[in-house]
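Next come two complexes built around chain A: one with chain B, the other with chain C.
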Partner chain A sequence: MTNSVKDWPLWEVFVRSRRGLSHVHVGSLHAPDAEMALRNARDVYTRRQEGVSLWVVPSAQIVASEAGQRESFFDPAADKVYRHPTFYDVPEGVEHL
Partner chain B sequence: MSSFEDLLADDGRVEPRDEMPDDYRRTLVRQIAQHAHSEIIGMQPEGNWISRAPSLRRKAILMAKVQDEAGHGLYLYAAAETLGVDREDLLDQLHTGRQKYSSIFNYPTLTWADVGAIGWLVDGAAIVNQVPLCRCSYGPYARAMIRVCKEESFHQRQGFEILHTLSHGTPAQRAMAQDAVDRYWWPALMMFGPPDADSPHSEQSMAWGIKRFSNDELRQRFIDMTVPQAEALGLTLPDPELRWNADRGHYDSGPIDFTELFEVIKGNGPCNAQRMAHRVRAHEDGAWVREAASAYAAKHAARTREGAA
Partner chain C sequence: MITPPSSAGLFSYVLGLADDALVSAQRLGWWISRAPQLEEDLALANIGLDQLGQARTLLTYAGEVEGAGRTEDDLAYLRDEREFRNVWLVERAQTDFGVAMARLLLFSAWQSELYAALAAGSDPTLAAIAGKAVKEVAYHLDHAAHWVVRLGDGTEESHARMQAALETEWPYVDELFGPVEGAVVDPAVLRPAVLTTVEAVLAEATLSVPQVARARGGGRHGLHTEELGYLLAEMQHLHRSHPGATW
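Up next, the complex of A and B:
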C-alpha cells in the first residue's frame, strides 16, 4: 500500500541561482514522484526568481561522510600546508608568481 | 558530548548528523514544529480577506503573502525533519492539540484594516523574534530563518502601506485603521512570550545558542522601532503610559495583561476552535489529492518496472 503520504520519499532540492553558478542545496520536501518533487520545489523554493535551474535528488540516494569520523577522514589534509601558495618564500621584488 | 560543547563555545553551528544532547534535540523539535504550525495556521486570518480585498492589486499581494506563509511552514517542517522526526507526525500532533502554534492567530480579522495591522504589527513582531534565529546554533533552522526573514520584510511593508492608505483616507477608513491597531497592539506585544522572570526555558535556550536575546529585550526592541512608525501613520498605540525615557534610551510602556495570553494558550481565545477545525477540515478535504498523487506515482513506477523487465 503506497497510498499514504508517509511513503512519499524525501527529496533534497538544489537551485542554480543564475547561469555560471553551481546548484546549491536549499532544503527538502516530500513528493510521490520526481515530477511532483520538481513542481513543488519550484513553488516552495523559487517564488522570487531565485533560480534558473532546479535539481531534486531522493535523499536516500545521497551518500554522506560520517560526521563521527570527520577527523580521521579529513585530517590527512591538515599537515600538507605546502599545497597552498602561501607556504612558499618568494624573494623580494619577484612579481607575477 | 564534548564536541557539542566545543562547537557551542566556539559559536559554531550544529548540523543534523552531529551528536547532540537529547534535550537540545527535543527543544528544537518542539520550537521548530510550533513555528512551522504557526506559519500554516497564520494563513487563515488573512486568507479570510482574499476574496474581499478592496482591489485586484491588494488581492494579488495578499495571495502572495498567504502563499509565502505556506512556504515558510514548509521550510520549517523540512528543518524539523533533519532532527529525525516525520512531517506527517508533526501535523498529526498539531491536529490533535499536542503541539501548539502562536496564540496571535487565535484573534479574528474583523475588518480589512486587520490585514494591515497583522502585516505591520504581527509580522513586525515576528521579524524582531526571527532575525536573531538566523544565528541559531542549529544550522538547518538558521538557514530556514534567513529565507523566512527575507520574505517577511515584504509582509510588514504591505501591512504598513494598507494602514497608511486607510489612515489618510476618509474618517471612517481612518477609524477602521485605528480600531485594528487598538485590538492588535497588546496581542502583538504578547508574541514575545512571558516576562523573563516567568520564562522557564529561556535560560537553557540561551545557553544552547537557540535563543540569542531574552523575551523582554526583544519586546523592548519592537516597541522602540514601532512607536515612530505609528507616528508616521498618524495612528496612536493604545497604551497611555507609552513615552520616551531619555535616561534609558528606550520607550517606557504600561503593564501587559498576561492573563489574557495564558487564557488564549489554554484554548480560550476568540478563534482557537475555529482555527483548528478549519485546519483539520482543510487537511481532510485535501486527502483525495494526496491519494491521487500517490496512486499516479505508484502506477507509473509499476509501468517503469514492467518496461525494465
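Up next, the complex of A and C:
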C-alpha cells in the first residue's frame, strides 16, 4: 500500500442497522490494520446506536465501475421495463422484498 | 465479608471511584484534536465520555450518601484539590500517546475487575452503576490493549517508547490496591486478576513488566501531585466564574 507510516490505509465501512437488513455502506476511515479499522468504525459510525454488525473492507480491494463506462454499463437497462418485477402482487405484510 | 460501611466511609469510597473516572475523563479530553488521526480523536473522546458518565452517576450517588444536598455539579466543580480522592495514576498530564495508552491499559484493567466485583457486590446502587459501566470498560481495555500490542511489538522505536511509557506509569499501580475507608470491594483482592490481564497484554506486546519503586501516592486521602491543581483550575473555571451556567 503506502510506505509512509503517517498515512494509514483507507477502509470502507458497512453497517447492518438491525437483524434482517443488509450491511449498507456508510463511509470510510483510516486505520493501520483490520482490527483497528473495525474498532475505529465502531467509534466513528456506531456511536449513536446505528448498528448491530460492522464490516470493514480495504478500499484498495474494491473494484469499482468507471465513470467513463457509465453509458455502456447502465444506460441499456433504461428501456427494459419487462425486467421489473411489477407484474404480480406482493403479498401483504412482506417488508423486505 | 466486609461489614457494611458507615455513610461517611461509603461517601469517601464512592467519591474516590467517581474522582478516578472524572479526572481520567478530563485527561483524555486533552487528546481531542491531538491524537494521531481523527479516528483516534473520536475513540479517546468516546472513552473519556464513558468515564465522565460513570463519574456523574457515582458523584450523584456520593451526594445522596452524604445527605448534605450536594449535586454532581457541586461535587465536581466546587471542591478543592485536597477534597479530591482520585489516585495519582489518573491525575498527571499525559501528553505522550504511549503514556496515554499505558495508563488506559492499567486503569481500564483495574476498572474492569472493580466494576465486575461491584456489580456482584452488596450495595445495590453501586451494583447497578457498575453493571452498566462494565461493558464500557471492556471496550476501553480492548482499545488500550490493541495499541499497546501494536506499539510494543511494532518498530524498534515504538517498542522502546512503549516500554518507557510503561515504566513511567507503573509506579502508580500499587495505589489502586491500597486500603481505603468504607470499601465495598476490598481493593487488595483485585490485584491478581488485574495484573494477570495486564501481563498477558505485555507478553503479547513483547514488553517487560517494569521493576520500579512505587510512587508515594495518597490521593485517597486528598494528597495529590502538583498537576491535579492545574487540571482542576481548567475543569472548574467556567462553573466557578459563571455559577449555574447551562448550555
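Please note the rule applied: the second predicted complex is superposed on the first by the 76 of 97 C-alpha atoms of A that agree within 3 Å, B and C clash if a C-alpha of one lies under 4 Å from a C-alpha of the other, contacts with A are read in each partner's own complex, and residues count from 1 in each chain.
Note that in this section a contact is a pair of C-beta atoms (placed from the backbone, for glycine too) under 8 Å apart; a residue touches a chain by one contact, two chains touch by 3 or more.
Just so we're clear, the structure is a prediction, and the values are computed from it rather than from any experiment.
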Which superposed partner A:Arg16 touches (first chain B, second chain C, both, neither): neither
Chain B versus chain C as contact partner of A:Arg47, first or second or both or neither: both
First (chain B), second (chain C), both or neither touched by A:His30: both
Of chain C and chain B, partner touching more chain A residues: B
First (chain B), second (chain C), both or neither touched by A:Arg39: second
Doubly contacted chain A residues - partners chain C and chain B: 8, 29-33, 36, 43-44, 47
Touching residues (chain side chain A, partner chain B) in the complex: 2-8, 10, 26-33, 36, 43-44, 47-48, 64, 66-68
In the complex with chain A, residue positions of chain C that touch it: 37-40, 42-43, 46, 139, 142-143, 146, 150
Residue ranges of chain A touching chain C (in the complex, touch as defined): 8, 29-33, 35-36, 39-40, 42-44, 47
Chain A partner contacts - residues on chain B that touch it in the complex: 15, 17-19, 64, 67-68, 71, 74-75, 78-79, 81-82, 86-88, 143-144, 147, 151, 290-291, 293-298, 300-301
